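Pasting the structures in now, so scroll down.
In what comes next, subunit A is part of two complexes: it sits with subunit B in the first one and with subunit C in the second one.
Right after this comes the complex of A and B.
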C-alpha cells in the first residue's frame, strides 16, 4: 500500500496534461545506466500483517509496564497523566510542521511560548528556546554558545567529570572540528577543584546538579563556582533534572548563565532513548547568541495579541555559514508534551512528584545499606539516584535479579565506554527510584538483592 | 476551521489551589531534605484537568495540518502520515523500554533498528547506515565530521573548503562552519544545474568535499551529477548528499550509484513520520564502505552467537547487539536516536516494499509536474524544465504590480484549502514560491490548488489590496514581526497588580 490516491484514468489524464505518454519520461535526467535499480526489501505487508509483525517484535522486549526497573541515568520512568498523550496525539499538532505561516499556526506557536515560559519558571532563567534534540545536544550547544559569547577568543571548556558520560561524549563530538579544548573531566577527584581550573582562556565551566550519580551539589560551592567563573568572564552552564528543579533551588538562583538538561521526564515516555527533548535557557543578555527556534509575542494589524517565530536572524536559514548552529527541526511535539504535563501537574503536583522520588530513593538506599555485603558509595546528599557497591560483579547480580522479574541498576563499568578507560570496577551499580515505585516494589528489590549476594 | 477566538495563555487561566492531577500517597517514611537547597516558589499555572484539555484542544484548532488539508510546503515533504505508523510506535513493548536495559531484554528493538539500517542501505545503495542523528541537520553534522575524520586518517589536513551550490539549504553552510571548515559557494547555471565551469575553477587540493542536494532545491535533477561527483573526487574531495529530496528518487536511482559518499535521510519527510509542529524527526546517515568505520555510534550489528533462549523460530540464530565503529566520529546524541520515529519509518517501509516506494516517487514527480503545467501559463517558472517532486515559481505573475510572494501566500490562507508553499527559498530565485504537492494528494486536490492560485493571480490585477490585506478570516491577521524582534517578549510574566493576576485573559 503506497497511499497514492491516483486512479488509472486520472493518471492518464495527468500525463496528457504534462504532455508525456508515461511517467518514465519524467525521469530522463536520471543517468540511464543507474535508472530503476533493484531494491532488495522484504515484500510489502497489509496493515494487519505489519501490526502483527511489530506486535511480535515489541513483545520480545522486556516491557517496563510488566517488569520493575531501577534504571535511570538520563532516562526516567515517570507517570504520564492521560491528558498528555490525548493532546499530543491530536492531528492538528502532530501533523503540522514548523510554524512558518503564523496566522494558521497559532496553536503550535502559543503552546511553544507557554513551554518556553514554563522552562523559564522551572530554571529561574530569563529566556528559553523551543527545544533541542536532547539533554546531551543541549549541553553541546550550550558550550558552543558560550564559545561564541566570548567571540571564539577563548579555547577552554571545563566539564565536570560528574556530568553524564554520554553528554560529555556528545560535547566532544560537536567541538572536534573547532579550536576548543575540553578539560577537567578526566578524573572524579577533580570535581571539587573546578574553580581552580578556570583561567583567562576558559570560556565556560559546566556542572550537573544533581550529577550523573544523583548527588546534590552544595549550594555554597555552586555559588562560589559561579563567582569564580564570572571573575574570569567565563560562563557557568548547569545541566539539570527538571523534576528535581520543582523541589530544589533553580540554576537561576545561584549564578548560572546557561541552564540545560533532559526534559524527557516532563511528560515523555522512555521510548528506548528517544525522541527526548533538551531544554535550553539563558540570560536575556545572551539571547542573540542562543541557537534554536524561539517564539515571541507580538500584535497583529488589528492590535490583537499573537505569536511568531522571532529573532530568526540568529538562525542558519538567514545567517548560513555565520550561524553558530545548524539546528532547525527540533522536538516541538515533545515540548508540547512537557507543557501539557507541567500544566496538568501544576507547581504542587510537580513538587509532589519530586518529593515522592526523593523519599522512595532514600527508602531504597537505607534498605540496601543494611544488607550484608552491600555498601553505599554515595556519601553526599542525593536526589533520586545513588551508587552502591555490590559483593559480586553487577553483571551477575543483575542476571539474578532478572530471574526475579527485576531489571536492576546500571552497571557503571558499562557506561562511557566511548570516553576511554573507565574509573569504575565491575561492582558499582547506579540505582534510581521514582514515583512509579511502590513500597512493595522497593521491598521486593531489597529482598532480591539480599538473595542475589 | 479557523474561526475560533483567540485563546488566553494557560498562565492566565491559573487560579491558586487548582490542580489537574492526582498522585499516590507517600507509602514510605519520609527522609530529611537539606533545607538550604529547597526552592520557595514555582510560578507554574494552577489549573484543573478540564482547563488543560480545553485550552490545548482550542489551541490545536488554530493550526493548519496535513490531516486538515493540503500542505504543499516545498522541501518539507508534507505527505499524509499513515496511522498504522503511530499504532506501531505506541505498542507498549516499544514505548516502555529503557535505553540501558540489557540487550537480551531489547532484542525486538535492536532487530527493528538493524532491519531499518538494512532497508535504508538497500534504498540508497550505501553500505552502512547510522540511525542516531535526530534530524536532517544533525545528520549533516555527522556526515561532514565523517568526511573530516576520513581526511585526517589519510593525514590530509590541508583541506579546508567545502563547496556548496548557491541553491543549498542554509543548514549546509551552517554544518560546514560547525566543523571548522569554510564554505565556497558554487553558482547554478541557467538550467538550474551546478555550473560546471564555476565548479572546475574551485576544485583544488584544498577541497574537503562538496555538499549537493539532488534533486536540488529548484526541484531539478542535476543533469551533470555524475560529472560533478567525478570532478570533486578527482581533486580528492568527498561528495555529501543532502537527502532532503529523496522522495523523488526512491527506486528510481540510488544516490550511492551517482557518486555520493555520504548522505543523510530525513525520515520525517520521505518515510512519512508526523512532523510534530517542528519535530521530532530523524536524520540517519548513510556511507559507502570506505567510510563505514567513521560512522557515529553505536550502530546495531548481528551478534556471532545466537540468542540463548529464543522461543521464536523466526528469530532462531539471530541476535543483535550494539557496536562501535572502529574510528567513529563519536556520539551525536545520547542513546540510539529518535527510536519512536524510527519505528514509524520502519513500519512505513514494511507496508510499501520496494515497488510501493518506487510508486511513491513516481506519483510525487507526476503530481509536481501536473501542477507545474497547470500553473506555468499564469506564473513564471524559475527554470522551465521537467521537475522532480517539487518546482519553484519566480514570484507573482509578471503583470501583478505591488504584489509580493508573501501576499499570495497570505491570500491562499484566506481561500482555506491549503497551507501556502515555501516562500523566499531557494535564495537564488527572487520572490520564490516552492511547491511540493507530494504523492498522497489526489488530482482533485491539485486542481483545487491550481484554481486557487489562478484566482489569486486574477485578484492580484483586479484588486491587489485584497491580497495586501490578507488573510482576512484567521484568528489573528498579519503579525508585527519587527516588533517581536525589536521588543522581544519570549516568556509570560505575571501582571504586577493583584486584580490582573490570576484573572482570565484580557483580549487585547
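Right after this comes the complex of A and C.
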C-alpha cells in the first residue's frame, strides 16, 4: 500500500469546504497565550548520543539479570525459552493489527486459535477466548458474564477474601453502576464458610487456587462449593495460576463454570508490571454470554480450513448496551508468547516447571523455618508461595536484603488495608520461588535472612 | 417471501398465532431474511410473565442482534428447545418449526391492535 501524502491543493480544498482560510483559524477556541506555547527543549542529539543516554538511564534500574527476586503475588518470574521472543519478534506477528479481515489475518488468527485450545486443555474447560488485559480484568469480566447468564435477575457476587486484593478492587470498579453487591470478602471471613453465604440472590461465587497466599484449596471443599453454587443455579468462578494448573486438578474437573487468571507466567516477562494477559475459559453452554474476542475454525468456499473471529454478535459493536462487556480487543502478542511457551514445553515440560516451583519453594520454606526468630505462618499445603513471620519489620529486612542484591518477599502490611488491619502485622512476608531459583540462590536467601535478623 | 394469513403481526416483525386461549409466537419470513443466518436465540423461562410490547428475548445472527418484542401479554408455558441446537430452524421454517414461545393469553383484546397479514405485507413492501 503506497503512502499518499497531503498536498497543498488538498489542504486548501479542505479548509475552504470547512469555511476557514488557514489551519491557524481552526485553533481560535484556544486562548491566544496558550495557542503556541514555547517549550524549552534541549537541542537534538545524534542517534549515537541518544543510545548512550538511554543506556545510562537504564543502568540506573536494577534488573533480574543482576538481582535475585523472591516476589510473587500475582506476577511471576519464569524462564522464557529463546524461541518465544524469536517468534513474537517476527514482524508479521509483531506488527499485525486486529484480525477483522480474515483473508489477510490467517497467521494471527491461527495463533490465537492455538492459544485458546491450549488454555482449554490447561483449565479443562470447553471454550476459551483470545484473552483479556490481565488476570484482574478477566475476573471482573467473569463476574459480569455470570451476572448476564442469570439475566441480571440476581444481584450478589461472592468473592473469597483470599483472592488477590487488587483483583477484588478491579471487580468493584467494573460493577459500578450495575445493581451488583460484592459480598463475603470481609477480611476475617474464612474460605470454608463460603457455601453458607450462597442464597437465591447469588449469581456467582469466586475463589482463587492457589490463593493469594499460595495456599492450595482442598479438592473436596472445591467440589462441595461447586455443588452448593449449582444447587442454587449460581456459577463458580475459579482464579488460577497457569503454571500450577499443570500439576493440580484443572478447574473443569471439579465443577468450575468460568476459569480465569493471569497468563503472564506462560512465556511473558515481568515487563515492569505489563503488558500482561488475562485468560478466560468457560462452559460451551454459556458461550453466548462470554465477552471478548473469540477465534473459530471453519472452512472456506474451497473446503480448506481457515480461521475467523466468530460469534461476533456477542460484542458491543453489534449488541451495544446489551452486550456483556465493552471489551473488543485482546492481548494478541502476549497470547502468542503463551502459545509458543506452552508448545515448546509441552504438557510434560510444563508439569516439570510446576514441580520445580513446588519443590524449590518448599526447600526455601523448610530452610527459613529452621532459622531462629522466623516462623512459618502458612499451615495449609501450598504451591510455590508461602507466608513467614520475621523477627523484625519486613521493611527493614528487605532493605538489608537489597543491599546484598536480593529482593525479598511482599510486605503484607502493604496490602493490609484490603485484607483487614488486624490480620497482618508489619512482620509478615509473602515469599515465592520458581524454577529460576537455583539451590545456591535459595541457600543465599536463607543465609541472608539469618544475617538480617 | 412467505406471509402467513393465520397470524397477526407487530411492525417489529414478530407474529402471533392464537389457538384458544394460547398463543404461539415467532418472527416472520421477512425478518429472518433480513437477519441472515441465525446462530443463537435467547428465550425466556417457562413461567415468566410477559407484557405486550415488552422484550422477551433476542435473536442473534452472524451480523446482527435483535430484541424480540411480545405482541401480546401472557405467561410463557413453553419455549422451543430445538432452537438451542438448531437455531437455523428460524431461517428454514420461521412460521413452523422456528416458533419461539407459547404463551397463555391474558387479554384477547390485544390482538385487535396488531397488524393483519395484508397490513403487514404492505408494511414490508414499503421497505
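Just so we're on the same page, the second predicted complex is superposed on the first by the 390 of 453 C-alpha atoms of A that agree within 3 Å, B and C clash if a C-alpha of one lies under 4 Å from a C-alpha of the other, contacts with A are read in each partner's own complex, and residues count from 1 in each chain.
Operating definition for what follows: contacts are C-beta pairs under 8 Å (C-beta built on N, C-alpha and C of every residue); 3 or more make two chains touch, one makes a residue touch a chain.
Since we're looking at a predicted model, the values are computed, not measured.
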First, second, both or neither for A:272, with subunit B first and subunit C second: first
The chain contacting more residues of subunit A, comparing subunit B with subunit C, is B
Subunit B versus subunit C as contact partner of A:311, first or second or both or neither: both
Pick one for A:319: touches subunit B only (first), subunit C only (second), both, or neither. both
Considering only touches as defined above, state whether A:238 meets subunit B (first), subunit C (second), both or neither. neither
Output check: A:406 vs subunit B and subunit C. Expected answer is one of first, second, both, neither. What do you get? neither
Which partner does A:40 contact after superposing on A: first (subunit B), second (subunit C), both, neither? first
Residue by residue on subunit A, keep only those touching subunit B in one complex and subunit C in the other, then list them. 311, 313, 318-319, 322
Quick check: in the complex, which residue numbers of subunit C touch subunit A? 39-40, 42, 58, 60-65, 67
Show me the residue ranges of subunit A that touch subunit C in the complex, using the header's touch definition. 288, 311-314, 318-319, 322
